[in-house]
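You will see chain A twice below: alongside chain B first, and alongside chain C after that.
Let's turn to the complex of A and B:
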């Protein structure tokens, strides 16, 4: 080890120590100071009641399976529709200009309305037209609402991916004799999609949480189940339990997205 | 000095009132969140027939009238009553409350009693089943065997859900909503066949909100599970509880409560009892 490396190792060790110490101080302050707040005992009884937690956790976990199911059938539809919308916005032929207008309008409208409103409007409104069972199910129309709200985000991310592919690639593909369609299919999209995977991961993590909003139109998933317990037991601990269950899924997913993003950054240098 | 004077005035004024009112008069002194004022909370919005036109200040509607009657027995004139609005959650969250008592059809339950205080009940509501005509025509009737087959909906924050699960035991899982308006909307959309509400709310929905609503039946009488008792909700350990209970007891004993009920609640005769 030369002198410079020794110096750098010392610096690294030093900053590591400082980071550990400051983290410990902050944690200790939180641990010691919060219980000093005058309302702590009541907050503890209302939000961190172990008995209530243990009693409600299994049922909440079961209700969470419904969230996962809704997520699993919504996500592929969102991905496909998002891609279609992105392609609409990326067409270059003048004859297909109406498609571009449609894509832009779709994105403007459904990205601009809060999810809950779309869920209410579609979830109650469309079945209200008089559809027979089972076609008026809140699961179907709730899913439609999620797809409508989330596909514009995915579309915009994909579009940014498509636009990030350098124009020279398109030129090269055309000079090789590929049609516009094949250029998109074999040259642009494979690179574009790979580039925006991490950004899309974030969208799907957000979707995973917003699935719970379907509870507004009837389904008893984890948020609603926690609400039922809250109202029966007059205690907010079930919400904390639900948050813990969500975190168990979203934290690993977020870390994975971070990892993908870092890898993408390194690959691009 | 000023305080003594106003106390004297208050006492002289009180002497002119019937003795029942006088007896209650001092129990609330210094115990309300705003001296000399009684702050009452209700829902946002407050629904018919509990509060008419979402305007509790007018004293119209069953709960609005009860609130003013209780206030009067506690020694507060009508203009010493202040209204605030809260959600269910705001009422049970830990920390200081912005009301002296809260009334929005809170059912008294043992579990809730651990976190907040309830007054003695001011109303006992039978649970009732609301359906639409097409469901009736499809053969639904007021017996449990028929009710089991229906698709149920209820308001999630009420005690209706335990009634559905324990007594009706439906074949498919019920759907749950945030408030009565949403349950009615789901009935209109045909997503659920039947909703369960307290009887006055069911009568209101069938008469006003749904074009073709029918109150299919009500659960009878004494079984505590089937009967919802509403109480005024107060902060846990509220110093006012004794005073509020005294007011409600005296309103019950002298028949005032029954009179208010007769004035604001629809006659519920003719609603069949579910067997």
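Let's turn to the complex of A and C:
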């Protein structure tokens, strides 16, 4: 080891010791102080009851499959619609001007309303028209609400991706005699989509969580199932169990998105 | 070269002007380029060389004046520029390869999409071009796996795959490391031997002097002086040309 490496090793040891010590102090404080709170025993019994956790977990996991199913059929629709809106807004042709206006309006409106509100309005409002089965299904209108809310975000991210592709790529493509359409399809879009995959992953992680909001209009998915257990057992632990199940999906997905994003940054560095 | 005198005019410009905002970049350019001729545009940065090239294939719409290809006015507003751009290839300073495609797919894209040919139809042609310019082993690599000189050669092949009648080169060696310049200039020499009609904006004075049929010195949006390379380099007439050449030649020699 040369002089510099010895110095750096010493520094690393020092930082490691400080980090360990401060973490231990914080953990000890949490462990010692929280039980001192006057309501701790009650919170422990109603939120962290191991028996309730073990009894409700399998059913909750099963209910979570419904969340996953809703996610799996909503996500592709959102991706396709988002792409269409982004293209409407990126295309310069005057014939498509109405579509461009529509794209802009759509994005403004549905980005500006809370998800829950869209779910209530669409989920209760449209079946209220007295449609026959199966067209009054909360699954259909819940999905529509999610699609309406999420495709504008995907569209905006894609549009930023399209605009981030350097002008010189377009110049190269059209000076080869390619049409605007082929230039978009074969040169601009593939690069733009690749560039915004990480950002879109974050949107889809948020979608996975917001699927639970459909519980407000009927489907017995995990959040509603946890609510049923709460009423049945007079205990909040099922909510904690539901949170654990969500985290098991979202933490790895978020980490993966962060990894992709870092890689994209380095590649462009 | 007596036959050169009778070569028909391939590309002609008449009174071409172009402004970006309040700044007039081209102030009335008249030019005739004969079939098979190699013309070098020289001049300081910002003199309008690049803009002039980009106006020749109408990548930049011109404000006023005319551009003729084989005697036909191609600057008439409303023409289908795709048909014209297929006949005039251009290669850029920064290569502008499509980074998400292999070298081969870069070359095949335009013949397949714009000329509606099948992959099988255009493949032999493309392979022959890669082989001819020393890139047979690199056809399936992606641009970021190639050196600057190799990328620029792929960009030339990509333009040639459309079988253009005129080739424009916009300072294609300026972004290259010095040791890679020669391999790209070699391509130009080969194309010249083929009789390709070419217009180059370049800072390679030695190359312009040795290879060009004609050199045009541009400054501030006008062609100040033009003539055979020997005449321009050895015996410039105008003060601006003298000052420019004195500056660059001192650096390059």
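Simple rule for what comes next: the second predicted complex is superposed on the first by the 268 of 269 C-alpha atoms of A that agree within 3 Å, B and C clash if a C-alpha of one lies under 4 Å from a C-alpha of the other, contacts with A are read in each partner's own complex, and residues count from 1 in each chain.
FYI, a contact is a pair of C-beta atoms (placed from the backbone, for glycine too) under 8 Å apart; a residue touches a chain by one contact, two chains touch by 3 or more.
Keep in mind it's a predicted model, so treat the numbers as computed, not measured.
Of the two partner chains, chain B is the only one that A:43 touches; chain C does not reach it. In the superposition on chain A, A:133 makes contact with chain B only, not with chain C.
In the superposition on chain A, contact is made by A:169 with chain C only, not with chain B.
Contact with chain B, but none with chain C, is seen for A:227 once the two complexes are overlaid on the shared chain. Residue by residue along chain A, chain B and chain C are tallied for touches, and B comes out ahead. In the superposition on chain A, A:218 makes contact with chain B only, not with chain C. Touch criterion met: A:178 reaches chain C, while chain B stays clear of it.
Look at A:191: by the touch rule set out above, it reaches chain C but stays clear of chain B. Residues of chain B touching chain A in their complex: 88-89, 92-95, 109, 111-112, 114-116, 153, 156-159, 161-162, 173-178, 182, 185-186, 188-192. The touching residues of chain C, counted against chain A in their complex, run 57, 59, 81-83, 85-86, 88-90, 92, 94, 96-100, 109-110, 113-115, 155, 158-159, 162. Touching chain C in their complex are the following residues of chain A: 168-169, 171-179, 182, 186-187, 190-191, 194.
Note for the complex: chain A touches chain B at residues 39, 42-43, 45-47, 124, 127-128, 130-133, 136-138, 215-220, 224, 227-228, 230-236.
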